[in-house]
Amino acid sequence: MGQFFQLQDLQVIIPELELAFFGMLLLIADLVIPEKKTIGWFALIGIGGSAFSLYKLFGREATLAYGGAIVVDSLAWFFKLLFLVAAAITILLSMRYLEVEREHHGEFYSLILFATMGMMFMASAMDLVTLYIGLETMAIATYILVGFLRGNQRSNEASLKYFLLGAFSSAILLYGFSLLYGFSGSTRFLEIGNFLGSAPPDNPILLIAVVAVVAGLFFKIAAVPFHQWTPDAYEGAPTSVTGFMSVAVKAASFVMIWRVLFFIIGPMRPYWIPILTVACILTMTLGNIAAIAQTNVKRLLAYSSISHAGYVLIGFIAGNETSFSRMGMAAVPLYLLVYTFTNLGVWAVVVALRRKNILGERIDDMNGLFFRHPASAILMLIFLLSLAGIPPTAGFIAKYYLFAAAVQSHHNVLAVIAVINAAISAFYYLRIVVAMFMNNATETTGMDLSAGVRITLAAAFVFTLGVGLYPGPIIELAYRAISLQ
Amino acid sequence: MVATHHYLILAAALFTIGVIGVLTRRNIMVILMSIELMMNAVNINLIAFSDRLHQVTGQVFAIFVITVAAAEAAVGLGIVIAMFKNKETMNVNELDLMKW
Amino acid sequence: MDFFNAHILTIIAFWPLVGMFALLLIPKESKNAIRWWANIVVLIGFLISLPLWFQFDVSKAGEMQFVEDAVWIPALGAHYHVGIDGISLLLIMLTTLIGPLAVLSSWDAITERTKEYYAFMLMLQTGMIGVFMSLDFFMFYVFWEVMLVPMYFLIGVWGGPRKLYAAIKFFLYTLAGSVLLLLGIITLYFQYPQIASTHPEIAAQFGAAPTFNILAFQAMGPFLDANLQWWVFLAFFVGFAIKVPMFPFHTWLPDAHVEAPTAGSVILAAVLLKMGSYGFLRFSLPILPSGTHAFVPLMVGLSIVAIIYGALVAMMQPDMKKLVAYSSVSHMGFVMLGMFALNPNGLNGSIIQQINHGISTGALFLIVGIIYERRHTREIAQLGGLSSVMPKYAIVFLIMTMSSIGLPILNGFIGEFPIVLGALEANLWWAVAAGAGIVLGAAYMLWLYQRTMFGKLDNPANQNLLDMNWREMATLVPLIIMAFWIGLYPKPFFDRLNAPVSRLVETLHKSAPDMHAQEDRR
Amino acid sequence: MSFLDLIWLIPLFPAAGFVINGLFGKRMRKSVVGTIACLAVLVSFVFALGAVTELARLPEHERSHTVNVYQWINAGAAEAGAEGHAEFNVQWGFLLDPLSSVMVLVVTGIGFLIHVYSTGYMAEEDGFYRFFAYLNLFMFSMLTLILGSNYLMMFIGWEGVGLCSYLLIGYYFLKKSAGDAAKKAFVVNRIGDWGLSIGIMLIFVNFGSIEFTQVGEAVRESLAMGRFHIGDMVFVSIALALFVGATGKSAQIPLYVWLPDAMEGPTPVSALIHAATMVTAGVYMVARSNWIFQAAPQAMAVVAVVGALTAIFAASIGIVQNDIKRVLAYSTVSQLGYMFLALGVGAFTAGVFHLMTHAFFKALLFLGSGSVIHALHHEQDMRRMGALKNKIPITFWTMFIGTLAIAGIPGLAGFFSKDEILWRAFSSPHGHILLWAVGALAAGMTAFYMFRLIFLTFFGESRVDHHTEHHIHESPKAMTIPLMVLAAGSIVAGWIGLPKWLLEMGGGEGPSFFDRWLEPVFEPLPGLAEAAAEHHGVGLEVGMAAVSVAIALIGIYLAYSTYYRKSDRADRVAASVGGLYQALLNKWYIDELYDALFVNRAKDFGRFLWRFDARIVDGAVNGTAVGTKDGARGSSWWDRWIVDGLVRAVAGLIKVASVPVSFIQTGYTQNYALIMILGVLALVGYVLWGHP
Amino acid sequence: MLELILFYIFAVIAVVSAVLVITQRNVVHSAVSLAGTLLAVAGIFLTLHAEFLAGVQVIVYVGGILVLFVFVIMLIALERSLTERQFHRQGRIALVTCAILIVELAYGLYKGKDTFPPIPGETAAAGFNLSQNSQRVGEALYQNYLLPFEIASILLLVAIVGAVALAKRKTEVEE
């Protein structure tokens, strides 16, 4: 306490600063550059620079900065990398897409960068206030991005629903935060955690605080029953933004959950483990069952992302309890990273399907994709198999870690439900496969993939199969992340 | 000196009234106001604790909350206006293009 | 050459995959080039697998040979670990033999999307061989799942009218089974360090760290807690039983078979079903001996039900292919019965019967496919009296019918007899019930033969059917030769099986609940 | 190289014939095909003769020669036998001992004659090569059956002859009835085989081997060691299981139904397979397993009773049949019953003796009937025959000899063997006067229906239709010469087994050559040797023989008076006992009974299960409307209401389950918020009150 | 005691106004009622010695946010919304739910009321005045909460950019 910031404090947030800087730069550039694609490339440069700075931070010992407001540890590092990847891919996907939607504006890229910055602070936050502000930065930017297609009623509607429910839920979260603060007298995670560790756990006010916090967090990760905004928002949002939300926003929410569960309310484990377990089961099952009935690919993937969030929760459940399962902990970053690549690959194909006058969102629009563009169909197949968790794809390795963690921590029933859900999920992924490979093309317009989509597909493919076949390095990275070095 | 739990209960009441507003009113503007009510309730909590603990952290927190509330209001209203241009309604129930 | 010898298994397994990538380079318009290439690839695949048969050391048939081991995923302790003993040797040889035949049989049958078809066939081949040689459970699971995809496409793209339904059914059923299997694997994985820590001899051999090494699992099997074994067996059971398929899980099979293209059915029947039974043999029995003992009544009950049920349902099928499909259910019932007799005869017979089923049922599907190609129907009522226009066909069909119903000097008998003998050693009534299945087997197969081959040729559509051509003969003659070989001189096969089987029986005996109970059962 | 060491070649000659004819026969001339086939069997016969001669030169107790060609099955160790462990190792081996030497001579000898006969009979058929290929394959299987040195080798032959029987019955595959009969024969046989295989397995499990010689020793040893005792369940169950096999192959009650239908096959086939050789395999097998049967008196009783009942039951049906071959078929069943009666009372030698003599005269009768059929252009109904005596004299005279032999006229082969059986049925320790009585009655009936056949066919007025009448001609030499040889055999074959009293009357010494020849094989078990030595007077034996001859004569007289003198009496008798007549004509409705009881029920069950599969098991899984659609076609209300109802219920259930999912996703923001609050509510409730 | 009376006065005003916010048919009336609540809350802040906050509450909330609301209400004045049903169909369920919620919260809070006993020390009476309060808040803001403060600036930038981007008059599609 007492000291103003020091230079090394600034050092550790260079990646974020770069993003903020580029975000503002883009706003100015937007005024002078008529070709909006250029702004997109600029944004990518910003992300690249940020990534480079982040790379420089690799291996650094975990340090608290700003008097304990943030920490730069391996977990934060891992997730920041993930956010940057997701942001970069989103930008790549957006450049052609926004043109097709005729809403190509420089603000879009700034908002992506700001949102990413917000996420990066969320990943680093060790203070309720930092966390909250980071969260809101991300959330508000995302509300805007979802409604970015101003002329599109569905986009408006999605944005408004997302905003209303998001604000509502962050008020609930905030209520919980306020009680936590009142209880412990501090906003620093570590101090709150220490305080809770010594306080009697059955204090009703504390319990209400935990519930409010958990409810708010559940909303962010779209766990049942706080999931319902997801399909609507995902469907209405610009497709590339949907991709961004489904991976980056979700991952940020998970890292937030990570910090909150393990650093703040860790001592309340006996209370939240059952809650998480039930939510996990409901989330997986409901997401999968609802996805079966969908005819819109975006909506289907929205439900699928709900169920995937359910799977990730297994990692939190298994990462605790009696024996501290490193496997469960490691499964969370691993799964999210794999999901990021795979899912963005899927979204890339969906984005590519959106052309002038063709919405490309219905499953029927996938019909005969194989005949129209075999490469993208085959890649899509690989991504879908990865989502379904079938080897030798990365998705399998990730799912394996989750299931193994569940078994290791003796959550056998949960494990069984999870694997059955994994099997059910194959059913709706296969529907897309059927459309692509076994149905005849309903339309014959050629597909021409933009450079962004190509790069995305290539990256996602290399990652999905590469990690599937040789997952060692990525697993090590995930373990490194959870070691909080 | 007023015991802290008085404030907490007042905050809870305001919070719940806000929730009721969100759940029942069909006018989007009113819903936005209800959310503001909820955030005010949080602020009461924060300030009450701040007072009890003889520190200003809660007050600082409240400042951030107010900041966020302002930002949210601005964005929310922006969204409302964008929507209003496409569909002249303030009724949240008419937002039903996407369901199931 | 040294390299070849050192990595023979790897080469055999991945050669088809390499061939597939090469195939992808051929433009899809040149269909004949694709066909030739695919045929050459699988044929070479068969030829390079022949050294396995000759270099396999029969005197050490119970041990793993041609072993290759390399770390794959260090964090998990998963290895690239392959090796074969007598059991896997036979199944791999079966796979490499059936592969070329199935591919060859598709020459005329597949006219659309040829390139993808052959690509999937080759991929499937790699997957199947990989399953049989894996000594690492994780790797096994990867191969096990990998095959699902090409098979799904083979059914779903080139299948019959209800192909989509059948393909999805196939996929979901097997996937549902295998995810539970995965849970079982994981459980064992976590058990290993605990066992290793209390049993230094195991730790000395396989290390103390968690591992997926199947041999390590087999070594720790007897020391696993019985209750745990029960649950893991249950998980394995679901995974493997769906693949076999055992009685209540069999309904995917007829649909998949009926809708699949001929080659798909052949591979499905001849090799894919064996993975289930192989799974039981390689994993459930040796790793979970006391679980096995606990499950014997259920397994035997289901097997017997499958034998009789499959046969009865087969009898009433109006569709040839469905009939053969249900006969598979019945035959696999025999395989499982023999296996769970848990004695050398039963197990030996069970394994031989797996090979036999591959040969006979594979051949029968080829036979059905031949008539389907000509008539585009498999309705038995549409056929009849074919032996007067297709005499060669009639003879081949007859031989395979006889093989299927277990006539001595053909292969079926060599499998069935030890199975029933083994069952009888365990319990007289098992054998009696299984015998009923043999009688019914004769009934439905002969009825089929009679209705299609005998009688007057009264359907004008059948008047001008061509007899089998050289290519079709080429697909069936090897199977006929195999059928007679196994029927007349099965010794080479038994020689390779006796050692692994007696090892297995030894393991099982050690953890029999108690010897008196065993005596009582007999 | 002596013939004895070459016995493994004996089955291979016909096998070679099969391969040659099967692969190349289509392109060869018929005469070549026929020659190859006959030659193959002839060579076998020569080798067999050589081997038997060499065997006969050996001392009595060394007359058992085993040749193991290679190890066939080695399926590993098993818990079996006295030692507790035995390898299930099976040799591809052959055994020549007195019993198999009798069989091998009969089979190759008569088989050769029938082959020759067939070259004439089948001369005009298409698929001539196919016929001979199958015939040779049959010879291979039959020789494997009788020469096999263990039960599994025997089982090969056993199944092989079944297959050939299937193929040859279905030879006229264009006829649906032929196909049906073939399938029926095979399936019914399979039921028997089931019993046989269980029996074999039980032998292995209990005695640790399935080699004939070793099993025999093991049985003796186990009795001597006291491990088992005579009459133990072990023996009884094995014996009964084996006997089930025998009833299938040898057409005994209750599995005889296939044999009459098998007459759909060409006549030489009926002669070879369904009279002379294959059907006697059951008798051979029981005789071969005599140690087991001796040790299981209860099973012996069953065998005897079943044999006796079959004898009289089949004879009763034979009385009224109008198809010439069916009469002979029932006669065969009946005669096989005799053989089992003999085996059942412990007279193994007598059974085998009858087997041999029967082979001669029944083959003769079938071939003769074939000659008749041939002459009448495939007319088999005796009601459209008559007065053929002079038109085809050789056929008539040879058949007449055969008839006399089967009717038991003294001096001919049938008399000696049948008389021996009847006497032993009475005198043996296992015998009973009732068994004798039934046998004697059956003998009378046999005489009656055989003479009925003769009278209807060869005497009286011609009822042949005019078109064929002109073309009646005696058969070619290829057919008549075998007839004559067989006729000679029917006369003299019995002389090697003359009864003891006759021999002693003739100044010789009993027992007969045949008895002595087979003695080592049928050596009584240790505990039974004394019991067998029960003595009856020679007078009684002669007296009973006389009675049986008298009964036969009465039968002949009745036939004479009914069908020759007053050929309308038959109809009157038939009318007066209408119900009985109908029952006999319809073979006691046994086929219908079996259909109703087993066949149709099995089919119904199969159909039910199939539906069950398609609707319930499947329906429960996918719950789609697929099952429902198919189900609509189902006709019965059960289908519509129960099965479909279940499927619909399942589909409905899934719909119900999906309701909450769709209900909560209304699209209304405030619903979402409400559900969130409900979630919070639940969580608060849980942490405040719900958490333990 | 005075504090308690003041608290109750403000509390009643706040709650009553809040209820009015969510029950008024006319949105403008709701906005005015909201102003009442906000001011009452500011009063409560005063009683809690958060003078600076009370000022922020009045300036930012009442002066800023609420004006923005009213502005937007005027901008998109919609007569129709006055005549429509004001409450959602789920109103009753929602009321019941919220009733349970408040009961649960009240139960929990009341039961846990002893969690927060007064802490002796710098008592309220001896508390700091406005300038002290502002100083301390400022110190905290620029020391411990410097980083959030900086992020908040970006947050506001995002809000501004976003609001502008969304509410711009013409969209490309319309053009």
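Brief remarks follow.
As written, the chain order gives the labels A, B, C, D and E, with residue 1 at the start of each chain.
Keep in mind that, in the parts below, a residue touches a chain if its C-beta (ideal position, glycine included) is under 8 Å from a C-beta of that chain, and two chains touch if they have at least 3 such contacts.
In this text the structure is predicted, and so the values were computed from the model without any measurement.
Common partners of chain B and chain E, by the touch rule above, are A, D. Relative to chain B, the chain whose mean Cα position lies farthest away is D. Centroid analysis (C-alpha atoms only) places D farthest from chain E. Put simply, the chain closest to the centre of the protein, by Cα centroids, is C. With centres defined as mean CA coordinates, chain C is found 65 Å away from chain B. Distance between chain centres (mean CA atoms), chain A to chain B: 26 Å. With each centre defined as the average position of its C-alpha atoms, the distance from chain A to chain C rounds to 43 Å. Each chain gets a centre from the mean of its Cα atoms; for chain A and chain E, those two points are 31 Å apart. Looking at chain E, one finds that residues 88, 90, 94, 97-98, 101, 104-105, 107-109, 112, 116, 144-145, 148, 152, 155, 158-159, 162, 165-166, 171 touch two or more other chains.
Not a single residue in chain C touches at least two other chains. For chain D, the set of residues that touch two or more other chains comprises 662, 665, 667-671, 673-674, 677-678, 680, 684, 688.
Contacting chain pairs in the structure are A-B, A-C, A-D, A-E, B-D, B-E, C-D, D-E. Of all residues in chain C, only 72-76, 141-142, 145-146, 148-149, 152-153, 156-157, 163-164, 167-168, 171-172, 175-176, 179-180, 182-183, 186-187, 189-190, 231 touch chain A in the complex they form.
Per the touch definition, chain A reaches chain D in the complex via residues 160-161, 164-165, 168-169, 172, 204, 207-208, 210-212, 214-215, 218-219, 225-226, 228-229, 231-232, 270-271, 274-275, 286, 289-290, 293.
The touching residues of chain D, counted against chain E in their complex, run 668, 670-671, 674, 677-678, 680-681, 684-685, 688.
By the touch criterion given at the top, residues 128-129, 132-133, 136, 140, 143-144, 147, 150-154, 156-161, 163-164, 167-168, 170-172, 174-175, 177-179, 181-182, 185-187, 205, 231-232, 235-236, 293, 299 of chain A touch chain B in their complex.
Across the complex, chain D meets chain B through its residues 662, 665-670, 673-674, 677.
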